[in-house]
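Each structure below appears as structure tokens.
Look for chain A in each of the two complexes below; its partner is chain B in the first and chain C in the second.
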Partner chain A sequence: MTAPIVRVTRCSKWYGPVLGISDISWTLTGGVIGLLGPNGAGKSTLMKLAAGLIRPSRGTVEVFGQAPADSPEARRRIGYSPEHESSYDDLTGREFVRFLAHLAGVPKQDADGAAVTALDAMGMRGAMDRKIGGYSKGMRQRTKLAATIAHDPDLLILDEPLTGVDPIARAEIIDRIRKIAATGKCVIVSSHVLYEIEALTQTILVIYRGQVLADGDLFAIRRLIDHRPHRIRIVCDQPRVLAARLGAAAHVTKVEVEGTTIAAETNNPDACYDVIGEAVTDAGVKVEELTSPDNNLGAVFEYLTSDGNRHRARITE
Partner chain B sequence: MTTTMLDSRTAIDAIGRMSLTRLARSKALWISAALAALPVLAALLISGSTKAPATNWNMVHLTLRLTILIIPPLIVGSSLADDIGEKSAAYLWSRALPRWVIVAAKVIYLVPVIFALAAVSATLAWVIARDAAGVDVVDLGRTLVGIAATSLAASALTVMAIVLAPRFGVVIALCWLLTLDVALGGRAMGARVIATSFSIAALAEGRDVAVALVSAAVITIGCLAVALKRIDRIE
Partner chain C sequence: MSQPTNSRGEIHDLGYARYAGPRRPPSASWQVIARQQIAFAWATWWRWKLALGFAVVTTAIGAAILYFVPGGGADRTIAMTTAFYRLPAFIVTMTLTSTLVARDVETGAFGFYFSRPVRPIDYVLGKLVGNFGVMASLLVAGPLLLSLVRMAVAESWSATQAALPMMGVTLLVGVVAALFFTAVPLAMSALLGRRWLALGLWAGYYVPLTTMLAVMGSLRWTPLMAADPPHALNALAFRLGGIKFPSNDPHPSLEASGIALAVVTLAALVAFAAMVMRRGSSSVGASS
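Showing the complex of A and B:
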């Protein structure tokens, strides 16, 4: 049996009266895992516990068999990228990464080479001798990631590495994280955006209000969501024509019209979109707005939380 | 790549050198240098004065005391607050090193800068005003010892304030040093444990030097002990 890299046992963390996480037990043996949850769910708290930045109020956290908050040896094998920006704006990217690589245990004479290699891997070689203060958000994120990998850690903990970056930088960062993971590193990455995690891994841990709602395969969780009707909201110029077509479809379970707005519920969103498309092409319906309130992570949480504790067990499909 | 656990001395050296690099690029250094020029300006003003020598030297001393109480929060305080602030602490906290080395690095590498600024200022002021103020080289020596003791004590007090309240530590330290400490520092308080500025005054005027040094030592040790104990619990 593979020894766990991270083992969290009945762990709770309070910040004064505020609950960070509550009675979480979780084991990570390798690979890439995505921590999903809305802001304030407890993702960062769990990551800080694993990185050794904070201690649990109750329970235990072990990384490589040791409590990270008390073990510099365990922390030496961790690369942690915090959510917040650095305040090292007066340093160049190279100086920043070199400094942190040295503090992580890279010998002084090797630290510059390690920094250059890491910055190069993150696509920052061309800008590494410029001050961080002049970097864009995406460049800062990549520099932070370079500082995280420069000492070649066995476990990477990346807290919201894609927050605030533009789509091109986001794609680049995702690609680089995937490459790191392909080298066999264990990666924990958090986000509150489902598709960002989806691009990195299929294994997720869903946290909500400090508790684990689901732990396992992403697609299994999505299939759970597909079992319930999806809501679709359409604003168009001929709502009654479109509503009649939707009402005639077997997969549509509910249609309501209010003014120019249609609210429909369907068991098959793709087929429903086909009906809407046909109404546009055949009947000349002009759709001004088409939204699905269920098509985001918030709906996942709503679904999981509204269904009692049924889904809190590990999903193993 | 082979990584090793850094020993504390190497970690202190790395953090200390980085602190100096960042200080050299910061406004805090230039503001501190400008403040350190105040005693020299005071010396220039009194150099032609016909007032009593003691009055003249007191004027230099007043600015010197003010300077030595403001510079530590600016230099040590802002540097430490930068490193352990909410948005940046994770970089150092997540490294394989004990937290106390951060405090040690700041004190070991930045306090000499504070001392150097104040000492150069005091020496220049003495050179300019020694005739008008009637002070000899022994007085200068006492003043320099007082500056050294006060630099250390005020820095330790600042470190403690930053560690206890990272976000407001600089302001708290400034308020403490410029109000409470000044109010109590000039008097022969019972314990004299917060009489940092008394060090300079006592040493310069030859009053109760031993008590002044003990006072500075108690402040330094007490504040650093609190800071070192507390820094491990910051979250």
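Showing the complex of A and C:
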């Protein structure tokens, strides 16, 4: 079994009377994991705990087998990008990244090269010799990300890394993060924008009010929410024929037809897809479009965090 | 649980060359911070260079006096000139030292420091050493240079030897002054965590408060004058050098001056370290 990169065991964190996270246990073995949750859910607290910036009030946090808050060695393998802007405005982007790379353990003679390479990777080469004070929000974000990767950490902790970044740069950064993860690096990334997480990973950790609501593969989590019917939307040339077949199936709880579009709800999506397949082969129904609105991250997130549906889902590999 | 790492042998094009060179030991982090402090101070004309210009002019004038007016008053000239280096030192505290830690608190830079292999003690040491270096360039280098000039222009070998103790005195007083001008503003900066407040507190302490204490001390109780750093440092320079004060005004004793400076500087060092430990462990930034 792969040794965990991050292991959080029965961890709680209070800020005075305010609860950050409560009794969270969680293990991360690799890849990209998306941290989801509304503001104040505890995402940043969990990230700071993993980065060694704060200590748990109760429980333990281990990164690479060591408590990050006590281990400079463990922190050397971490690249942390905080949510809030934090930079020295009177330094140039190059000076800033060089300083942080040097601080993270890159020797002085190599720090400039590492900084330039990282800035180049984030599309900042052209502006790297300008003062950070004159940067746009997106440029600051990219500079911060360059500082996060300059020392080639094994674990990237990115708190809202795409905030304020323009769409083209966003796509580039997402691509870069995916490539970094593909080399065996581990990435923890949080975002309020669900499609950003969806573009990065199918593995999520949903936090709500300081507790883990769901952890694991997005589709597996969706499958666990069985008591809520899955919605399937079909556009075809013979909606009445297909709707009749679907209506006859026991697992289909609702069928609505509007023009050429069928909206069905089922407790067993796989069986439902079988019925559609049979209609295509037996009755010659031509399906133009088949979508499942519930299988996106937004639907799962909305369901998990909505009042009255509070429960935990945990996927084990 | 999350996705397993990629166990297949694939070469991925990252689009950039990952750093794969050697690593510096984490124990040297304070040196990185100290060097960055010096580079930061040097980056603009008004943080350090302006004060350095004042110090150079002071040294040139002092050296000219020593050269053109040689004789028995040389030690007194050096002791008196040390007071002139405190003006540029004070300028640097206002443009740099008193706002440094507060700036890190305000910008959330603690997050950058302490998520890397930096311990609070590295931060404290780095800031202290870097800023001490800046202060020493004003308060130690200038007076020491004057002492060397004094020895160089001495009429005889015995006069040169007689000038040696004064070199030790200028060195000691310079180091004590540099420590004071480094530790106290840094401590205030760390305590308040807001640039303008820290600047105000330091200026308020150094200019009106301690001056008032010096006036009260001169009227009521001379040892109280040692609470005023300029008076205490003057007393150290003159009394350690065995030099007669230029006026008959009251001056604090050597003991009172030494104790006052030591207490304030040590208290500042402890407060600075304690605040950094506290801020470092409570971290910064987002609420969630």
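The rule we apply is simple: the second predicted complex is superposed on the first by the 224 of 317 C-alpha atoms of A that agree within 3 Å, B and C clash if a C-alpha of one lies under 4 Å from a C-alpha of the other, contacts with A are read in each partner's own complex, and residues count from 1 in each chain.
Assume contacts are C-beta pairs under 8 Å (C-beta built on N, C-alpha and C of every residue); 3 or more make two chains touch, one makes a residue touch a chain.
Just so you know, these numbers come straight off a predicted model, no measurement behind them.
Once both complexes are superposed on chain A, the partners chain B and chain C clash.
In the overlay built on the shared chain, the residue A:Asp23 is in contact with neither chain B nor chain C.
Of the two partner chains placed around the shared chain by superposition, chain B and chain C are both touched by A:Pro107.
Of the two partners chain B and chain C, more residues of chain A are touched by C.
Once the two complexes are laid over each other on the shared chain, residue contacts for A:Ala41 go to chain C alone; chain B is not touched. Judged by the touch definition given at the top, the superposed model places A:Glu278 against neither chain B nor chain C. Contacts of A:Asp129 after superposition on the shared chain: neither chain B nor chain C is touched.
With both structures placed on the common chain, the touch criterion links A:Asp215 to chain C but leaves chain B unconnected. Of the two partner chains, neither chain B nor chain C is touched by A:Glu289. Counting contacts as defined above, chain A residues 15, 48, 51-55, 72-73, 75-76, 78, 80, 82, 84-88, 90-91, 95, 99-100, 102-108, 110, 114, 147, 151-152 meet chain B in one complex and chain C in the other. Those residues of chain A lying in contact with chain B across their complex are 15, 48, 51-55, 72-73, 75-76, 78, 80, 82, 84-88, 90-91, 95, 99-100, 102-108, 110, 114, 147, 151-152.
Interface of chain B with chain A (complex): residues 1-6, 10-11, 14-15, 18, 21-22, 25-26, 82, 85-98, 235.
Residues 1-6, 10, 12-24, 26, 29, 32-33, 36, 39-40, 43-44, 107-109, 111-119, 281-288 of chain C are the ones that touch chain A when the two sit in their complex. Chain contact summary for the complex, chain A toward chain C: residues 2, 15, 20, 27-33, 37, 39-45, 48, 51-55, 69, 72-73, 75-76, 78, 80, 82-91, 95, 99-108, 110, 113-114, 117-118, 120-121, 147, 150-152, 157, 159, 176, 179-180, 182-184, 186, 201-203, 215-216, 315-317.
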